[in-house]
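Two complexes come next, and they have one chain in common, chain A, joined by chain B in the first and chain C in the second.
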Partner chain A sequence: MEFLDHFGAVFTWSSMLILCAGTIGGLLLGATPGLSPTMAVALLIPFTFHMDPAQGLMLLGAAYTSTVAGGAVSAILLNIPGAPANIATALDGNVMARKGAGARALQICFISSAIGGVLGILVLIFLTPVLASWALKFGPSHLFWVAILGVTIIGTLDSKSVVKGLLAGCIGLWIAMIGSDSIQGVERFIFTEELEGGVHIIAALIGLFAIPQVIEMLEGGRKDPRRTVFEVRRANVWRSALETVSKVRALVIGGTVGTVIGLIPGAGGQIAGLVAYDQSRRFSRNSAKYGTGESEGVVAAESANNAMVGPSLVPLLTLSVPGSPTAAVLLGGLLIHGIFPGPDLFQKHAAVAFSFINSMLIGQILMLVFGLAIAGLAAKVIEVKPPILASAILVLAVFGSYSVQNSMADVAIMLVLGIGMYFLARYGFSPAPLVLGIILGPIAEHNYVQGRIIGEAQDGIAPYFLTGWLNILLIALVLLSLVYSIVSEIRVKRQERAASAEAAS
Partner chain B sequence: MTGKPEDATPAEAAPESGPETAPASAVAGRVQQSVAALIILAVACWVAIVSFDVEDPQPYLFPQLLSGFMVALSLMALLRALRGKNRTGVGIGGRQFLNIAAGLAVMLVYVFALAEWLGFYGAAFLAMLTLYSLYDPQPHDSVRTWAVRLAVTVGFVAVIYVVFALGLKVQTPQGILF
Partner chain C sequence: MKKFAIAAAALAVAVPAGHAAAADYPTKPVSLTVAYSPGGATDFQARIVTMVAANKGLLGQPIVILNRPGAGGKVGWNHFASRASTDGYQMAAYNVPHFIAQSIKFKTKYNIDNLEPIANWGADPAVLVVNKNSKFNSVKDLTAWAKDNPGKVTVSGAGLFVGHHIAFLQIQKALGVKLRYVPHKGGAPALKSVLGGQVMAGVNNLSDSYRSRSSLKIIGIADLQRDKQFLPDVPTFKEQGYDVDDSSVNFRGIMVRKGTPQAVIDKLAAVMPKMFANARVAKQMRNGGSPIRIMDRAAVQKMWKERQKFLTGLLKDL
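Coming up: the complex of A and B.
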C-alpha cells in the first residue's frame, strides 16, 4: 500500500491546477478531429521542461487520460473518431446523436470511461510494483529480447502488413543509432551536420505524429468539408449514470478487455474498443440492437478505451516497453526528465513514480467532472477549420521542437522526419513501430553489446542469448507474435479476395 | 506519379481526414509500391555497407545485426511489391500531390530559410498566414475574410509568444524582424 503515502504530492494547489489544466486541455484537444491523443501529448512535452518531473508527468498523464475520452465527442457528434481508439464508440454513439440523444450518449460515454479508467489505474497501481520486483532479475540478454519483443509486437499488430511493420521498426532502430555511440563516442551515420547530436527523441516524436496530420489536413485543398454536427440537448446526468451502471455486463467486458489489451506491449487502444464492442455484442441479450443506437455499445467501447490507459503503462514503467503509441510518447517525456523507467524505477524514483500513478487516478475523476461539464463546449471546438488547425500545429511543432535544446537542427530533423513519415504512411507504414524503434534502439543496443561481452567471458555469445528459460520464453513470444500476425494477415487477404470475387460475380 | 488507374481515386477520398476514411479499393498501385520499397532498400544497403566497412567493429556490432534484417525485410517488401502483393496504404494521387505541394513548400521555406533569417516570430506569422490563406475555403476577395485571417494569425502568434518567450523563457533566433 505504498502508493497511499504519495497522495500528498497530488493534493497541492499547483498539482491540482496542473491536473485540471491538463484534463480540460486534453478533453478539448481530443474532441478536435485531426488531433490524436498521441500528437497532443507529443506537443505538450516541451511545456513540461521547466516543471519538476512529478508535475510534468502529471500534466502528460492527465492529458493522455482525457484526450482518449475527448476523442469520443467527435466520434459521437460528427461520426469522425477523434482517435483510432474511438472507432467503436462511433458505431452506436453517432446513431444515438442522430436520434437526438447526443447529450445522453456523451454522458454515458464519460461515465463509462471513468469507470473503466479507474479499474485500469487500479491494475496499474497493484501490478506495477509486483512486476517491477520480478523484472529486477532481468539480465542484459533478457532486456535485449524484451526490447526486440516490443518492436515486433507493435510492428506486427499495428500495421496490416507484417513485413512493413517490422521494416518500420528497423528504420526506427536505425534512426536511434544515428549520432555518437554510447560506449566509445564514435560518430555513426552522420551525413549532414544537423545529425551531429543524433536524433532527439522529442523532436522525432513531434515530427512523426504532428507533421503527417498537418499534411493530411491539406490533402483536400481548398475544399470545405461539410460536416453535420448534431445538436446537444440537455439530458439528466443521474439517469445516464444509472443507465451506465446497469449495463454491468458491458462494463465488465469492456474493463477486462481493455485491461488485458493494455498490458500487451504495443497492442494499444486502437483495438481495445473494437474488441470489447464485439465481445459485448456477442454476450448481450439485445445484440441485434447493436449499431442502432444501443447505449450498451458505447459503454463497452468507452470503458475498454480508458481501462487500457493504466495497464498500458505497466510494461512501460517496469520494462520501459510502452503498451501503446501514446505510452511511447509518455516514455519520451520521462526520459527528458532524466527518469529511466525500468525495474529499479520504484527504488530510485519512488516519489515521482507513485505521485504520477496517483495523479492518474485523480485524473480519471477530474475527467468525469469536466467531461460532463464541458461536453457542450467541446462540440464547439469541433468546428475549428482544418487550415487554421494545420497552420497552428505547424507553428507549435516548430516552437516545441526548438525549445527542447534551443537547436535549429532539431527543428530541421522534426520536419524532415515528419514529411518522410507522411509519405511512408501513404504506403502502409505506421509511425508507432518506428517510434518504438527509436525509443528502444538504445536499450536494445546497450544490452546487446553488454550481453556479448558477458557471453564471450562465459561460454559463448549464442548460448548466453538463446538459452535459459526466460530467454526462451521471450523468444517464443517474439515468434508467437510473428506467426499470429502472419496467419491473420493471410486470413484477412483471403476474406478480401472472397469478398471481391463475390462482388464480381 | 501514377502507376495504375486506381491511383487517381485517393484525391477524391481525401477531404475528410485520411487513410481511415479512404475507400478500401484505393490502394497504391504496383509501380508506386515498388518505388517506395526500392528507396527503402537503397537506404538499408547503405546502412549495411557503412556498418560492415569499418576498422573497429565494436561500435557497429548492433548496426551490423540490424542492417541484415533491414536488407532482408526491404528485399521482401520489394519482391512482394513487384508481384503486385503487399498492397497496403493509399498511395499518392496526382491531384492530391498538387494539393499538398504548396503546403510542403511553405513548411520547408519556413523552417530552412525564414525561421533564422526573419526571426522565429516573424517567420511563424508569415508561415501561418500563408498556409492558412492558401487552404482557407472562404472567399479571397473580401476585406472581411482577410481581416479574420490576420486576426487569427496575430492572435495565435501572440499566444505562442506569451507561452514560449514569457512563460518558458525560450531564447529563439532573432533575425531581421523579431
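Coming up: the complex of A and C.
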C-alpha cells in the first residue's frame, strides 16, 4: 500500500493544475484524428525539460491516460477513430450517435474508460513484480499465434459476410507489406517514392474511415433526402452510469482482455479494443444487436483499451524494456530526468515513480469529470449541416495524416485509400477488418520470420511453434475461434434462408 | 525578353543577398531533420544537444527538430538529400553506419558525397549481451560452445544493415564461428528477447544495455576503448583477443546538404562542437545514459570515408 503514502505529492495546487492541464490537453489531442497517444506524449516531453521530475511525469501520465479516452470522442461522433485502439468503439458508438444518442454514448464511453483504466492501474500497482517475468515469456512463436488469433476475428468483425470480411482483411495484409522492411531487409511494392516508408497505420485509419464519409456527405448535397435527422437527446449521467455498471459481462471481458493484451509486449494495445469487442459479442445474449448501436459494444471496447494502459507499462518500469510504442516514448521522458526504470526503481525513486502512477490514477478520475462535462455539448456535432461537417472532417483528415510524419506522402496515401474504400464500401466491405489486417500483418510476419530462425537453430521450426503449453493454449483459442465463426456463419445463413422462405410463401 | 530581364534582375539581386546571408547567418530559426520517430534515441539526443542553440555565443537562433521517420531512416534522408535547402537553414541528424550502409545496399538519393558533415555529438558502441542466467560468462565461453554447436547460437539485434547487424557480422567473422542473427523491429524488442531467453545472446546499444544491466551480462564492447563513464569493467573484444574495431559504433551528429555556402559550413562547424560541450547539455546527456563523443568536421569527414570503405567490403558478399 506504499502508493497511498505518495498521494500527498499529487494533491498540491501546482500538481493539480498540471494534472488538469494534462487531462484537458490530452482529451483534445486524443480527439484530433491523427494525434495518437504516442504522438501526444512525444510532443509533451520537451515541455517537461524544465519541470521537476515528479511534476513532469505527472503531466505525461495524465496526458497518456486521457488521450487514450479522447480518441473515442471522434470515433463516436465522426466515425473516425482517433487511434487504432478506438476502432471497435466506433462500430457501435457511431451508430448510437447517428441515432441521436451521442451524449449517452459519450457518457458510457467515459465511464467504462475510467473503470477499465483504474483497473489497469491497480494491476500495475499491485501485480507488477508477479507479471513482469510473465510478460517476458512471450516469444516470437506466441506472438505469432496471438496475431493469428486476431486474424480469426477479421471475418466476423463488422461484416454481413465472413467472406467479404476476410477479403478486406487480405487487402489490409497486402497494404501492410508495402514499403521497405527492416526485418527482411527488402523493399516491396514501392511503385513510387511516396510508398518507400510504407503505409502508416494512422494515415490508413483516417483515410479508410473519414474519406468515404466525406464523399457520402457531399454526395447528398445540402438537403439529403436519404438522411434521417434524429434529435440529439439529452442524457442523464446517472442513468448512463447505471447502464454501464449493469453491463457486468462486457466490463469483465473488456477489463481482462485489455489487461492481458496490455501485458504482452509487442502485441500492441491496438488490438485490445477489437478483441474485447469480439469476445464480448460472442458471450453476449444480444449479440445480434452488436453493430446497430448496442452500448454494450462501447463498454467492452473502451474498458479494454483503457485497461491496457497500466499493464503496458509493467515491462518498462520493472525491466526498462518498453512493451509498446507509447512506453518507448515515456522511457525517453523518464531518462531526461535521470530516472532509470529497472528493478530498483521503486526503492531508489519511490517518490517519483509513485507520483507518476498516482497521476495516472487521478488522471482517470479527472478524465471522467471533464469527459462527462463536455459530452452533452460535443454530441451536438451530429446536428452540424453535412457540407460544413464534411469540410471540417476533410481539414482534420489532411492535418492529421500530415502531422504524423510531417509528410505529404501520407496525405496522398490517406486520400487514395479513402477513395478506394468508398468504392469498396458500396460492395458491402467495411474498413474495420481492413485496418485489422494492416495491424496484424507485420506482427504475424515478423514473428514468424524470427521464430523460423530461432526454430532452425533449435530443434526445428515445427516443434518451436507447436510445443509448449503457451503455444498449445493459443492454438486452442485459435481453433475455438474458427469453429465459432463457422458455426455462427452457418446459423446466420440458415436463418436467412428460413426468413426468405417465409417471405416467399 | 521581358522574362529574361526579370530573371537577370532576380539573379543580380540574389547573388549579393546570398553573400550577405552567409555573413550574418543565422537570422531565423534553423531546422534539424531527424529521420526517426519522436521519442527514439536519436530524436531524444538531438533535442538535448540542440536545446541551448539560441544562447549568445552559440547559434543565437533556436534549432527546431523536424521528425520525418520511415523505412529505417531512408524516407527522411532521401527527402533531405533531394529537397532540403542549401542555405544552412535546414540541417539533418546523421546515424553512421546506418545511412552509409543503406546508401551502399539500396538505391538511395543520399551518400557521403552529397552531404557535408558539420560535427559529431555522440557515439553509442554496440555491446554483446547474454541473459543473467546464461552459461556464458565471456566471449571465450560463447565461442567455445558455438564451435561445438555450429549455427545453434541465436543473436538478436535491431534489423538488417543497421549498426547492430554490422557489429554482428564483424563479431561473427572475428570469432570464426557460425552464429544466427535474429533481426528485430528496433533495439528495445531485440533486448527484450535476450531478457526473455528467446535468444541466447544479443547485440545491442551500450546505453540501453547499461540500463538493463541488473538482468543481463554484458560480455564485450565493440569499440577501441572501454567505456569509462558507464561500463568501466566490460572489456573490449580486442582485449579478449578478437579483431573487432569501432566500425559498428553508432555515431550521431549533424550534417547539411552539399552546396551549402562554405562560410555557413565554417560557422556551423565552429559553433556546433561548442554547443555539444555545453555543461547543461552534458548533464542531461549523462542523465539519459547517452555517451557523448564530440568530433569536429575534419574528424567526421575522415570517419565517414573510413566507414564507406569498410562497409563496401563487408556488405559486398551479402
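Everything that follows uses one rule, which is that the second predicted complex is superposed on the first by the 269 of 505 C-alpha atoms of A that agree within 3 Å, B and C clash if a C-alpha of one lies under 4 Å from a C-alpha of the other, contacts with A are read in each partner's own complex, and residues count from 1 in each chain.
Here is the rule we use: a residue touches a chain if its C-beta (ideal position, glycine included) is under 8 Å from a C-beta of that chain, and two chains touch if they have at least 3 such contacts.
Bear in mind that the values here come from a model prediction, so they are computed numbers and not experimental data.
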First (chain B), second (chain C), both or neither touched by A:Lys137: second
Chain B versus chain C as contact partner of A:Gly197, first or second or both or neither: second
First (chain B), second (chain C), both or neither touched by A:Ile419: first
Partner chain in contact with A:Ala392 - chain B first, chain C second, else both or neither: first
Chain B versus chain C, judged by how many residues of chain A each one touches: B
Partner chain(s) touched by A:Ile183 [first = chain B, second = chain C, both, neither]: both
Chain B versus chain C as contact partner of A:Phe49, first or second or both or neither: both
Touched partner set for A:Asn406, first chain B, second chain C, both or neither: both
First, second, both or neither for A:Ser161, with chain B first and chain C second: first
On chain A, the residue positions that both chain B and chain C contact, one per complex: 46, 49, 183-184, 406, 449
Complex contacts: residues of chain C adjacent to chain A: 37-40, 43-44, 47-48, 51, 66-72, 74-75, 78-79, 105-106, 151-154, 158-162, 180-186, 188-189, 191-193, 195-199, 208, 211-212, 214-215, 284, 287-289
Residue ranges of chain A in contact with chain B within the complex: 33-34, 46-47, 49-50, 80-81, 84, 87, 159-161, 163-164, 166-167, 170-171, 173-174, 177, 181, 183-184, 186, 188-189, 211, 213-225, 385-388, 390-392, 394-396, 398-399, 402-403, 406, 408, 411-412, 415, 419, 423-429, 444-445, 448-449, 452, 496
Contact footprint of chain C on chain A as seen in their complex: 38-39, 41-43, 45-46, 49, 136-140, 179-180, 182-185, 187, 193, 196-198, 200, 265-266, 315, 319-323, 325, 328-329, 331-332, 335-338, 340-344, 405-407, 409, 442, 446, 449-450, 453-454, 456-458
In the complex with chain A, residue positions of chain B that touch it: 11, 14-20, 24, 28, 32-33, 36, 40, 43-44, 47, 50, 56, 58-63, 65-67, 69-70, 73-74, 76-77, 80, 86-92, 96, 98-100, 102-104, 107-108, 110-112, 115-116, 120, 124, 127-129, 131-132, 134-137, 152-153, 156-157, 160, 163-164, 168-173
